[in-house]
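One chain, subunit A, appears in both complexes that follow, with subunit B as partner in the first and subunit C in the second.
Here is the complex of A and B:
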């Protein structure tokens, strides 16, 4: 049957370079490449290609590259090629369009319209190679007042805190949506870096309990893999109310991925679909959330901070204000650019708001209400670089979450076909031959390298602003200036225009 | 041109202070001489003094020093004061006309005590009540600005070089046990007297040299606790932080210093267990009150004086002693000019608090 679709990308093979070694053929789980014995040459079927670059990266003679096919329909300012193709797909299948990773559409990226300050003359920049430069943060609620014992000594009345070597954590990606080796890489990197990673909603594999002090365990609407031992193995517990890529809907891990240890870890039968409901069915309102927060605290002896993760939606400031009074220790906000293993395309691309605006609004609202110290704020979706981290902290975040950047460090090429389950990089797949392509010894090292580099850059940026401790950057919006923004945008971000 | 408070103006500066630990009173002559030596550290756009122990006859009353832009402002402010306070005495602050000091506002002084009924109604403690009233005047009564509100102390400040400001206010006619002084080098033309330093709230007064890089983090954090930063200056926010930590949270000055110029984590790591726990607590609990970037500050308070440098010591500060007197200044020359033979002279390290109290009381 004709499917009306012409491939978006075209594989260009330079036959002068190709030695027909068939590496590309073996590496492609999508079966794009095929060796034709008679002709002693490798040919390819562009229509199966997801543009993941596995073959390009592994070709020993650099005989391959992938380019835009350039095929186009008659130009139309209203009907883009993409829109037309999507209609063909739905007309052919009758199904909901699915996508992986974050919203790729052309919405403003506010981080790219914010610039940082530097010290000149009136105060000195600080050289991080010569002076201590502190990036350590402590996340959690802060009490209202100091208490002392009868001898006047300060009593440590701080609720449980998370201590991080830098304001950065790996955000939730479940075991199931990503592979065992990807999880191991994240866990070991978190330990070595002195930060935390997050189990996502798929439970915690028994092999990874050893990394518990660097683990956030998630409790999501499906409650997969949640038990007392799981909760107590952690450094913190996260209640997942929503996700930036798909606010307001649940998750669906198909039964084909619920195999072996994944089924065991999720505590569900092999082959059954793991369906997370859209809401938590014990939380239909804010007062219910408070009960779950305290249930989890009771279950863990008030020793673990509780994070409530929400997607950045229109009413985010009011929701955050409610959460700050719910007993939660932290609010994690996931922006509309946040990644996902699979989401309906229309939802991923059209629901939610930018994290920069959500963060600025929430930080201000909690300060206006005098409850900012009740909670720490963690933001993700999407933090792409060390300068995004610095800008997020200056807007008011206590820490950021990164996930897409971590996956890219491990080899992800953002082909956005995670939902296909055939990740050639061994990340978003459960096919054993593919999973073993990600060597955790190398994967973890690449994550450590990435964040070590970011930490250096963060310190350099702090130093040039004359700041030698990350606390003094938090909410320090005078260090930011906007370019190409309207007055209204500047007002919401709480920053001035460059030059003023 | 925007007025101070409508725009943030960084400043370079000179500071100086003299403290008599026996409580003996000296005239304001010497502090003027001291700050005058550092003339080139100011640029004629602001100078001022804080003097402690100068109103012994009214020591139980809050001394409000107020600038008025107009007669209406004065009338509105006095109406407000009468509704909230018992006014024991009021007068113009005596000044000496001189060509170096121009455009002066009306400068008045009131000795007041909160009206007991009003105080009871407010459900606040007395000092908090006074703070709230000062903020009310400064933010809501146009053209009125309370720039000094402590007991038995007073702030005297103006636009001009500090030595001229001292002579303008006839500081040599006052006698106190502690004086601090400030010469300002703003990188802008503020042109408003309220923007000069010291900045004061109750009996806390701060003179500061530096430009802190943590300003907006500190400002936004402290405003959550009911303070309003109307001047956008470092000195203002530092004063509020000290008031918050010392008065509201009950931290000692030593603990306060351990918050605003906190030891580095690597230093805390090496401390004995108990001390380590305290410092970890203070840094975690009051992370937003950490001040980074260059500063040297002198904090005057009832019966004492505290000096502190930022933790990297990015601004100069020298301490010297002679008999019962302690001198602290941006430059040693400013001490030598008034006391050439000193018992000892030293420079405190970054983050090292120097706390002087009457008869060394803690």
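Here is the complex of A and C:
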């Protein structure tokens, strides 16, 4: 059969610099490089390369680089090379196209069209190196009024909260979709930073119960790994209704990844596929959701806040309004650029809405309805930098979720082949030789470094706006101005155009 | 004394340590120029079998058998640290040290006498080249309270 596909990337080896140390050959799980003994040289097969840069990063003499293949079909503005290749793939396989990580297509990134304000002359900026800056946040429902007992003493009516040293958390990635070492890195980094990480729908490995105070445990449609001990080990519980990368569909972790501890942690037999249904089969209304929220609260003695996570979709404001009345303490909204270990390509690239618009809409609607204090809002779906965090907070978020950025910090090069299970960086794989490539001692340190840097930058940005507490920035849309946006977009974002 | 230790759990068998060791031994500004076309003879060696790998280099023993066995006094324990060093001008290449080292950490060098790890700590970072070059912290340079 003819192979219609030409490799997307070419590996360029500078033979003047290559010393044939063979580290590229030893480190490539896709078996791209091969040492030819007779010729004492290393050659490569571009067709197997996923462009993950493991060989490039480890080559001690910088003899390797990977470039986009110059091979092209006849130019066509309608039928792009990518579109044609996808048809060849499906015509060859008869299967649904799969992709890893978030939506890579050219949709507008609203964060890049929003600019921050700075203080000049009449409202002095604050120097964060000389004056105290507060980035701590407390997430959870807030009481509407002060209550007193018959003696006039204040009754503590504060619902359970979670406290974060900065408005950032690691979002859900299951043990199974990512490796043990990746999980350990996230858990240890969350502990050191005073933030939370999220188990995803893979259960909580018994080794990680020690990080419970910094753990959000997830309850999703497959209910994998859920039991009382799991719920009570956590700082908060998240009900996953949807995910930004694949709203409205379930999940599928192939049986090949359900090995050893993963099967035990998920409480399913080894080798069985872990299929999470698209809906929760017990939730068909806000009332049903309320039942699950209160079941979980009941199971944990009303000591843990409950988060409901949903994908940003068209009716997000109405859905969020319902969730805010369901008894949930927090709403997590995942934008259409959110990452995933594997999703059908068409769904990842065509379903959902941008997180910036969803956030602005939800924050406004909840304020208009007087129920904004019922819930905290956490947003995710491609928060890429500290400025995205600041803009999200100014649009009304209480905190953000990051995951792709965290993976990149640990070595991920966004090759988007997580679904292949052969992650050369030891992140999205369960093959022991690959898993051990991520030493958590290094991985956690890189996460701590990243977020420490972001925290400094957040404080700098708050300082230049003349704000010394992140709480004062929340929903402060006057600190934002848009560029290159239509009146309708500005209206939805609730911000003014630059210059006005 | 700080020594080179191996965390076998994290060794990937990539053998970069061997190349960084060889580069440090020969010297030069650029590894590509130094090692191009060179068959390396490093002082650290990755042992590999059945998916387990780890790098072996001189342990700098408190009671070194190699020093004891040396017939010319070429191998000595450095007075200011405990590093076992070779005086190549005194070595006659009898290889008794190679026979007596229980770790196989002494080897013949390209110039006829013997070679072993002498802890190349005079690097920019102050840690040996193999430690500096290990991508996964599988080789570390640290103080440990263990009797060798």
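Here, the second predicted complex is superposed on the first by the 495 of 500 C-alpha atoms of A that agree within 3 Å, B and C clash if a C-alpha of one lies under 4 Å from a C-alpha of the other, contacts with A are read in each partner's own complex, and residues count from 1 in each chain.
Simple rule for what comes next: a contact is a pair of C-beta atoms (placed from the backbone, for glycine too) under 8 Å apart; a residue touches a chain by one contact, two chains touch by 3 or more.
Since this is a predicted model, take the numbers as computed values, not measurements.
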Have a look at where A:304 lands relative to subunit B and subunit C in the superposition and call it first, second, both or neither.
-> neither
Which partner does A:23 contact after superposing on A: first (subunit B), second (subunit C), both, neither?
-> second
Counting touched residues of subunit A, say whether subunit B or subunit C comes out ahead.
-> B
Partner chain(s) touched by A:477 [first = subunit B, second = subunit C, both, neither] | first
What part of subunit A is in contact with subunit C in the complex they form?
-> 16-19, 21-23, 26-27, 58, 60-63, 432-433, 436-437, 439, 441-442
Name, in rising order, each residue of subunit C that touches subunit A in their complex.
-> 9-10, 12-16, 19-20, 23, 30-32, 35-38, 51, 133, 135-138
Tell me, which parts of subunit A touch subunit B in their complex?
-> 119, 122-124, 126, 131-132, 134, 136-138, 142-143, 145-146, 148, 153-154, 156, 158, 161, 367, 370, 372-373, 396, 465-469, 471-479
In the complex of these two chains, what residues of subunit B are touching subunit A?
-> 8, 10, 12, 187, 210-218, 220-221, 223-225, 249-251, 255, 262, 264-266, 277-278, 281-285, 287-288, 290-294, 311-312, 314
